[in-house]
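Below, subunit A partners subunit B and then partners subunit C, in two separate complexes.
After this line comes the complex of A and B, so read on.
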């Protein structure tokens, strides 16, 4: 394992003087990069001030734990045990003794410092290449102390980007449906949390059924389905103000909403007289446009990131399949031709893939295919799972999974899971309650 | 238009039942399902004496079976006698499908029942329709029998 990285280093040295260590994220990474996250150093005065505000004994080590957990969860890194660290955090941040870090087999090292400046939290951090004995990156920023977890996420994003060459996905949030109660009388609430499960907040009280929340590209707005007054309609919710409104004035059920990539339109299904078709509504001028007009069920629409195409789910062939059309509804083409039924297509933020749910011989799969339907790959199989949502960098999918109940109908649960595009690194995403219908935000800061 | 839809449905039933009877030995379950349409009495309630409140569907289907049409004819007869009563038809799907597609499927099932009531003279403004997709199962089991009870359209008094 170590040998592989050494080899990579030797090969890369003469070509790229700065990107010394690299993590290949295009294949299943079975040998994660050993990385040491030194606790961020902190002076006694700052420590006291942060303790007063944040009730944390040492905010420096707390932030480094956030970074450590993020990197571990990604499956691409192996954060080393801190007990083995020989150098003190403050000294390491000035000039690491690379032989010490080499000894514990760290190939990369993160060091840093937190200070309390004008009621604010100032952090600086450095990424070091241990084998080459070089600094790869140094950054500093200032924020309000209550943002300390986000500081950890931003550091992770920077480290991830520097070592993989792709943007991270850690300073993000997940909106989902929190579930409680027996299966036949489930209580559902909208909830939002950081990508790592912290800062969980409920956005509705559970008085009415809510389903399928999705973020706008700016993360400020959410569109979802609510059964308020027993009228299932698509709603728009402003997360900051809590303001809600119904989208459009339809005489029947509207459902399966998503934003257009520019955030200006909502695309959704409208069901009437047993037929569901796809419509868009412009949020500025409120103009409603009908996109499909077919006696079959047309639902689960999702725009391509350039806004030129829409993938959707239709049973016009007799069974649920995935189709792609131009954004005006022209040139409808079926793209799923494998065995089984296909649903919930969602276009990757990179534009090259469509993730989906597949039902075949009583099993449910999460998979991806190219936008012309070729190259289908199934990533995970289970009793029940559906509704993949992409991380903003298009490397990870989050979805939900339900368990089979026993003979008495007991033991039902619904949980969020994530999996790498490679099919490796399947992980439970911890939530306080049961959870379903996750939607991943874009990066909060850039 | 509606009548032709019904006639088409009727024809489909004949074809479907022929196909199903051919493989019924595998799918039949202790006399409670036919094909995979629930035929038992568990969970069924009554709008009035002899008037069942619900009809059941095959997996992924919205076609009414012979038994379902008989149930709906009785509902229509009862609604004609009780002309002040309005109803809501609640369409449901089982848990073995994606959420959004199931919402559409539930809507289609409830409308399939609505169309039938209308051909028996019940005015459309006495009938409203709501789909719950797979959100409101009556049976929490993870077996084909439980799923068959959940694929249903239930007629509920609205006033």
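After this line comes the complex of A and C, so read on.
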């Protein structure tokens, strides 16, 4: 017994336990992540074959430039200058010397290889964590050579998702209204392009006025409004096949048809007997259902991503404000209470925010608020801008802005701009002509 | 002459009487003493305990109440008799208790129990003299009671943590260094519980011998993509920063260090 007590005493005496020290890290830097995008390596024979087909000297470099531009445009990454790279692409692709990449302060590295296999383009790429010295992801794609830009976009989406945790938005398209000519005799055509402004195509000839094109969230269908013999007509257009059909002719002022989240209905506003209300139309049986019935002007409806709610704008309080209601039109609730007029509400694909245009003291703002109206944030301000549309991941907004073309305030130019939710990363989206009413597609591939 | 002596004596007697009458102890009035104020002398340390202040009392009271119940519910005599003499608490029980402490102390928003995993480090910390006592004494009751004692988060323990920790300036130096190295992934949502706890084992010069994400099982769980991204960014920050700016003395104190990365404040902006 005595021995046991002695043993206990001996065991207890030397123990001098220090409590574990905890340090809370609640701040960091918000500068973009330094990333090195090594040109994709390519063998000589593949290079020759691709040169014949695509008229590009080095398709590996071209794809890496697409990735680099995308990441830079996002504002979350800082692609490092290729001149500083110490390791050649063909060797880096096999096994990067992490010390070399560490030396130029890269935290992530993209390497890869392009080959010509059975008349097709095969791309393998790897994402490396330079500091941890390990591979984070490795993927390979095979496609027709003409799709090489899309391969760059898909690689960017994968890298973006792996490093930020949220889905990318690079393998997407933007549909918009291309505008040419003086303001009084404006020619408006429907046009589509990749999100980075490349592969621009006109979808209509410009004989009729086109307005408010909107992508379906589930497929490559577009709905838009056009005037035929001075009557508003809603169209459906299949981007893949080019097939177009008339959904219906509607009376009076018809505005902004938009798809429901399942793509089976369109929601819009039109004026019947001089009173503008919100209606849905089932695309299968073409049955029109009235959603609001109020003497005020109700316009710009947009479904929540779960399809349970609709946000819209109405002047029922005396001024144009944003309202939310159930999808059957019940429980209408005003959510915007700030100074000024609010319009064009659009529900985020993530479901957490509503984007809007605000007019206050002669200036136009693009902003976001939570779905209950709290947390209003104005992201950008200008002389005239409107029509925000969300990227499929709910992080970036594209909208159009009109600016005066000379210092005397004469003439005007309409261009597309994008801004992310931080409000700092505002970029011009290059288009050959003037552009308005943009709408962002969902991801072309998942 | 006699007259002068008499007058002088009389005056002296008068003076004595007046003096005697005015003496305080002769008056029967009770003394009007001021109330006694006890003054506790506290030595002010380099560290503040601000994070614990507002809720600490309530939490401690709650824990005490719970533990009172636990103690009364545990160790019924019959079970004690059936218990094998050399019974040792199972590792699972230990882990559960440690989880409870962790939840209450520094991760108030509950982390999914399925993905919560205790690290090897934490298992080491489970070493506890009371368990040895339990082994020797072979009594389940004692084991339960002593275990309860060590599991309590009491004010005393909090004080110990304060004294054993880094000084404010030491902590600030370390924080400032890591702030500069940590590129917060800006795409993360601000409204999710994304606290990444990383435990480090350090060399005296601040270089890292071992780093471990305490909830590492969460890294590979479906739907935890944001957590994985944040954890990887935190690991990158630590690697980028090393050697860490640690104090020049007291190595034993900080050789094991836990960093809690929480980006919500920044992301909410």
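Things to note:
The definition used in the following text is that the second predicted complex is superposed on the first by the 402 of 446 C-alpha atoms of A that agree within 3 Å, B and C clash if a C-alpha of one lies under 4 Å from a C-alpha of the other, contacts with A are read in each partner's own complex, and residues count from 1 in each chain.
Just so it is clear, a residue touches a chain if its C-beta (ideal position, glycine included) is under 8 Å from a C-beta of that chain, and two chains touch if they have at least 3 such contacts.
None of these values were measured; they are calculated from a predicted model.
By the touch criterion stated above, A:283 is placed in contact with neither subunit B nor subunit C. In the superposition on chain A, A:422 makes contact with subunit C only, not with subunit B. By the touch criterion defined above, A:236 lies against neither subunit B nor subunit C after alignment on the C-alpha atoms of chain A. Within the superposed three-chain model, A:129 lies in touch with subunit C and out of touch with subunit B [touch as defined at top].
Of all the residues in subunit B, the ones that touch subunit A in their complex are 60, 62, 95-101, 103-105, 107-108, 110-112, 115, 129-132, 135-143, 146.
The touching residues of subunit A, when paired with subunit C in their complex, are 4, 7-8, 11-12, 15, 18-33, 75-76, 107, 129, 131-132, 136, 160-166, 352, 395, 422. Residues of subunit C touching subunit A in their complex: 106, 125, 129, 132-133, 136, 157, 160-161, 164-166, 171, 174-175, 178-189, 191, 199, 225-226, 228-230, 232, 234-237, 239-240, 252-254, 256-263, 265-266, 269.
Those residues of subunit A that touch subunit B in the shared complex are 182-184, 186, 209, 211-212, 225, 230, 232, 252-253, 255-256, 269, 271, 273-276, 297, 299-300, 313, 315, 319-320, 343-344, 357, 359, 362, 383-384, 386-387, 402, 404-405, 407, 409-410, 412, 437.
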